[in-house]
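Here the structure comes first, spelled out in structure tokens, and everything after it is commentary.
The letters A, B, C and D name the chains in turn, as written, and every chain counts its residues from 1.
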Amino acid sequence: MPLSAVANSPRVDTRACVAELYSAVRRYSLKLASPLSPEDQCVQSMTEASPTKWHLAHTSWFFEVMLLRPCLPAYRLFDERYPYLFNSYYEALGPRLSRPRRGLLTRPALKDIHAYRAHVDAAMLELIDRCGEEQWEEIRERIILGLNHEQQHQELLVTDIVHAFWLNPLHPPYLREHDGLPIRHAREAANSPRGAPADQRPAWLEFSGGKAAIGHDAYADGGFAFDNETPRHEVLLRPYLLRDRLVSCAEYAAFIADGGYARPELWLSDGWAAVQEHGWQAPIYWSAQDENIGGGIEHWQVYGPYGLRTPDPGEPVLNLSFYEAAAYAQWAGARLPTEFEWEAAAATGRLAQAHGHAWQWTRSAYDPYPGFRPLPGAASEYNGKFMVGQLVLRGSSLATPPGHQRLTYRNFFPAGARWQFSGLRLAKDTA
Amino acid sequence: MPLSAVANSPRVDTRACVAELYSAVRRYSLKLASPLSPEDQCVQSMTEASPTKWHLAHTSWFFEVMLLRPCLPAYRLFDERYPYLFNSYYEALGPRLSRPRRGLLTRPALKDIHAYRAHVDAAMLELIDRCGEEQWEEIRERIILGLNHEQQHQELLVTDIVHAFWLNPLHPPYLREHDGLPIRHAREAANSPRGAPADQRPAWLEFSGGKAAIGHDAYADGGFAFDNETPRHEVLLRPYLLRDRLVSCAEYAAFIADGGYARPELWLSDGWAAVQEHGWQAPIYWSAQDENIGGGIEHWQVYGPYGLRTPDPGEPVLNLSFYEAAAYAQWAGARLPTEFEWEAAAATGRLAQAHGHAWQWTRSAYDPYPGFRPLPGAASEYNGKFMVGQLVLRGSSLATPPGHQRLTYRNFFPAGARWQFSGLRLAKDTA
Amino acid sequence: MPLSAVANSPRVDTRACVAELYSAVRRYSLKLASPLSPEDQCVQSMTEASPTKWHLAHTSWFFEVMLLRPCLPAYRLFDERYPYLFNSYYEALGPRLSRPRRGLLTRPALKDIHAYRAHVDAAMLELIDRCGEEQWEEIRERIILGLNHEQQHQELLVTDIVHAFWLNPLHPPYLREHDGLPIRHAREAANSPRGAPADQRPAWLEFSGGKAAIGHDAYADGGFAFDNETPRHEVLLRPYLLRDRLVSCAEYAAFIADGGYARPELWLSDGWAAVQEHGWQAPIYWSAQDENIGGGIEHWQVYGPYGLRTPDPGEPVLNLSFYEAAAYAQWAGARLPTEFEWEAAAATGRLAQAHGHAWQWTRSAYDPYPGFRPLPGAASEYNGKFMVGQLVLRGSSLATPPGHQRLTYRNFFPAGARWQFSGLRLAKDTA
Amino acid sequence: MPLSAVANSPRVDTRACVAELYSAVRRYSLKLASPLSPEDQCVQSMTEASPTKWHLAHTSWFFEVMLLRPCLPAYRLFDERYPYLFNSYYEALGPRLSRPRRGLLTRPALKDIHAYRAHVDAAMLELIDRCGEEQWEEIRERIILGLNHEQQHQELLVTDIVHAFWLNPLHPPYLREHDGLPIRHAREAANSPRGAPADQRPAWLEFSGGKAAIGHDAYADGGFAFDNETPRHEVLLRPYLLRDRLVSCAEYAAFIADGGYARPELWLSDGWAAVQEHGWQAPIYWSAQDENIGGGIEHWQVYGPYGLRTPDPGEPVLNLSFYEAAAYAQWAGARLPTEFEWEAAAATGRLAQAHGHAWQWTRSAYDPYPGFRPLPGAASEYNGKFMVGQLVLRGSSLATPPGHQRLTYRNFFPAGARWQFSGLRLAKDTA
């Protein structure tokens, strides 16, 4: 059973099947790290990013403190000091290294972290194999949560190392062609079966609005979802238009050429403040090939997992902040969709590039759904406490791990975040 | 016709009536400033606050650039340099003094600002009297906008000077009893007809949810509303409970005494960060009378427009950040209402203390309503460009000017803002 | 007896003479404040500057806590809260308002501060008149210290309000011509008897070096000096050259025109960092009259006590940081003098513009003299605790009060300070 | 010939001798790095510190741009991009990576840097061997400068990795006992032949003052010195006392126990501000073993190159800022010596622990000596441009490389720097 089929299958419930999924997800983390040297895996390029090594350790810590310590009686911590080092933000689980210091962890060495992972993996497989039947359902659910947690960090691992390599003046590529990793060129993504056909012009799709059911229903849908996608509930939508595909690099270059970064009337107030404070003139990884930034896409190079390259005009623009996405929409005479418009439209299957290309900024603040309840126990801090000051992104990106995408998925970041694979799809009110 | 009757009457449309309203609102600004010395009116206590004098000038500038310069042919600017000094944030209206520098304006002197106001007032009354009939409707609408704008600054004038006086180690009172200003003691407010009866215990009110019409409809409702309250649209609500009154000082003191500011599990992540960074231990204007901050409300004094005093236990707690309001709700086993729940409930007339006591933090981010369109022209920057990173507050406060409150009013501030008269009302899902 | 004669006379020792001096110095503070409105006197333009009103109060507090409270038995504090408000930095004298908050003191009102000064003055005159003979010598010394302290604040009062008015977009002048205040136009200063003759070209003066006695000797010299000018001691100097006058505005404009602010090789490392961080392109109060900042002095206007005006080419450049002064010297193929070179040369009487024009940055860090001992008691914090991280300036400026200048005077400021009346005189090693 | 004999020998002038010295110094850098993993060698713990790998590369770059590029005709840069990466602060040598970003250099990998060093070394030996006789003297001088430069970075390499490891919650030791590196335990240092005898009590040594010759004289002394140690010149000193040894850990613990970090009267103003801002309670690497920080040295552990351990009472206190050293001296009723007092006393040979234990803060700002001239050419930026805002330290530390110490050596750091091996020796005026 391929990973992508397993991860979201309605019921991954036999122990053998869970064990297989567990091993597959865990292996994939190491695979993502494999092109990186121990030095690469240690660096932290900014407070918001974490070292690869830390991601590898933190995801193991999650299994250790959420499952092994409470549920496997004979389990011994790999190292008593690791919970302090690798707790991310769980107040209930004790003190922890402050976030900006993660890059100081040259020790434990990478090989120690590999040993840590092996230790946790062996214990996890033992737990899966031997835990009592009465515990199994709860353990299974927590394992699936842990694997989805690790998948989130798999994407962060990629975005974080790309950011670090971008700040390195050598701009080394993270990946080489044909290395077998499923992070496609954005270019290939653009031409993939679910990508928009390159030979048709972008078009508006019409949606009639009305009542729409939003969010994940564990009973009806089965499969896993994060607590923030629940409860399923109805919203009322006005008729609206959505673009059939994502905004492309060529379109975004036209926005720049038209003075997009110099016209305050296009920007939200906080966005314009960010433009001025940081001197933004283009997306974070765009580098002018020549002086003519008023020209088209051919004047730009774009950095990504495969290094610095000239993008295809039609490939989706990536690495935008919400502010840039909103300014582009304003310039284009359109707007960003709400997360509800996005989900209702995506549910119809009519959107090209809904998944696997770029997270799509929505106009929706990351608020709790009506009736939202956080997970019980230590996992209650997973999502709920971040529900202020951030915006929802929908879809999934080229770096989203196989099997981790979902119609109801709510990704979220602050409005100024630029290092994620985040783009946009335009919306409009029906005239 | 009393001011409160005028301001929100469905149609203030005769020229005489508009002129009377104009004069009344303008006078009220000066009345609010009247207890303050020229020195007091010049100080800026933080970037987010403005000097009294600046409020007085900026509100005049609004009429000057939005009405007199474009519509009154013979009008001459009072001073060519004032638009630079008193533009707040209108990019389309030219460069301006940066916000943190407003407190440097010891010149123009207060008496110059008084002359500026008189100059603008005379011209405005001339404009009202003499403008062509074909212009009148548009001018009338812009005047009503300008008066509502001034009323917003009237409340800010109060909150800003209270903040400045709080930071002054002498803690001077802004107002004295019996000075005739309609800013009541919060205590009186608590006992006012619309206040909750002091002899009944707080109770939950039940609301059945379903479809609710939200926002202002110019045609149906008449009267003025800001663009951000439109368009009127329907939302779906689940059944819910709202508290019949606001959270009181005594209740909030119990939260403090129970370790509310030391328990991270009660706080949103950003809120807990704010507690730690700024050392919050109580609301901004609360001052412990003794060491026993673990005790009840009798151990506290609270600063407000009338100086430092011991609050009545039942009077609504004020000057909370969203973070504090949300943490209190969590502690109380409840939550904050959405702005839609608030509006639907308030529309029934069953909420005590809906208006005139405290702005009530909601759980709703300040996002545009579906179909939102900013005002045309220069006023387009009025609201829309701030629709990110803030939370909606509903109701109105003891400092909201007479006639300025409205069922559909959407006030908004960042989650960490503490110097407004902001409190909370609890909500709950129906079990 | 004119003030200037009194202040530095070897022995101001009769009670009548001290009383006269006291009154004259105290009056001069009020005179300096007299062109300023209550609003002007309240503003604080940056952390390093203080409001006029605070200067007026703090200098009174100095007499209150250093003399009246300890020495005048019946003395009652004017207001129990004032010591907290007006203590500057004396740890031994209790807690105090933090420096950046001085601008919040709209209360006490200016008239309260005037009453405070009158209260202190009356008590001081009583103290002078009635204290016991055995106390007199100590009290006299402390009074003279208090008056010199007040004179220091008189100059700061001027530099601070000039800074505040510069930041005010209206750039109001602090003084008007013919107002009788002894702060001359820098222009007049340049042509004054002690100024350099405008009809002679600047020249190098030769000094032979050798042993030089530096600092103030209370016994030999009589008169007042601060503790940091003592003890008098000998230093060894090499032969050196000093410029006969200060660097002029025209000379400094040539430095700018030659790319002075764009050539890192001219700057100290920290200086170049300041240029880049703050975007310095000219002295703080220089404003280009046109685009041609590569041109001469005629392209500049300079703000000062008398407002914005075009300087005479020969008038001394003012308001430089040490970094700018050092970069200019490097550009001119020269260097800054040490404070010892300056004092030895000035002692000969051959330097034009030694006093009354601009404080002159020296290449000497503000270190203690060998054998330095701070004043006893509370005044021990007066100078000693600032002896790190600052540079010595010598001479005196157009704003130094009459009678306050002295050959051995050591003024000191951090290297980046630009708001003082600070210029430079070039030095060179004898070839 | 042992390295220590070579480095400071009056004339290292034969090519063979220079080549031998070159190789020895270069090898020592690698030896210092040898206990560190590639991950360890990549980390940057703060802006002021640099990664080990960067030190290894930068010192090679120095030879490349100062010698190979200008003097070896056939030389090809190892990598065209390295000058940008490894230039530290030489404005004349082109743009460079900003200092806080040095820790991002996970690429080039450590093995690339090793190859870089080998490439440079081969070329340097070729240059030494083959350059024309007419060039030799200049090249020889520049090589000696480059080697002294590398030795400075050898000490920084140690202090920087100790800082990084201290911030690592695991506190790994940098060195193990008996690993053959010449960085002794401070404990051993204290008992070494030049250390103060443990069985005698500390004593004051008397010095008579008078004329003293300060600084290095190339002609008289021969051997290498930095430009900032010249020209040799005379100063006048008063009679003074110096302590025969450094302040010990036990003495410093008594200062802490006596409330040293809570008594503002002991501190310079900026020092007290640092105590309050950063919450200093002990030297940076001191860690209380129990609650009793008011107790003696036995209550403390101190981190150093060999990890966390309990210091011997008599061993010199290390890792003080100037502020802490000055506060200690004030508490002890003494003062810090000037750099001139130190040099004159050390020249007599009577000071124990003058070298090899701790850099000793002096009371002297880092100002140029009279007649100071920077080196010609690109090396002119070596020292002169840092001569403001820093203090001089004299002596040398346990981490100073063999052969790099010198009587006239002037080390310098900002007053708040705590991560160097900096201690103090007390001074006093002769009564």
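As a convention for this text, a residue touches a chain if its C-beta (ideal position, glycine included) is under 8 Å from a C-beta of that chain, and two chains touch if they have at least 3 such contacts.
Note that this is a predicted model, so its numbers are computed, not measured.
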Seminar exercise, completed: Under the touch definition above, the chains in contact with both chain A and chain D are none
Seminar exercise, completed: Listing by label each chain that touches chain B and chain C gives none
For this session: Taking each chain's centre as the mean of its C-alpha atoms, give the chain farthest from chain A.
Result: C
Exercise. Chain D and chain C are one sequence twice: same or different residues at the contact, by the over-half rule?
Worked result: same
Exercise. Thinking of A-D, which of A-B, B-C or C-D forms a repeat of its interface, with over half the contact pairs identical?
Worked result: B-C
Seminar exercise, completed: dist(centroid_CA(chain C), centroid_CA(chain D)) in Å evaluates to 38
Problem set entry | Interchain centroid distance [CA atoms averaged], chain A/chain C, Å | 59
Exercise. Okay, what are all the chain pairs that touch?
Worked result: A-B, A-D, B-C, C-D
For this session: Would you tell me which residues of chain B are touching chain A in their complex?
Result: 89, 91-92, 211, 233-238, 264-265, 267-272, 322-323, 326, 338, 363-368, 370-371, 381, 385-389, 391, 415, 429
Exercise. Which part of chain A faces chain D closely enough to touch in the complex?
Worked result: 37-43, 45, 81, 84-85, 97, 101, 103-110, 164-165, 167-170, 172
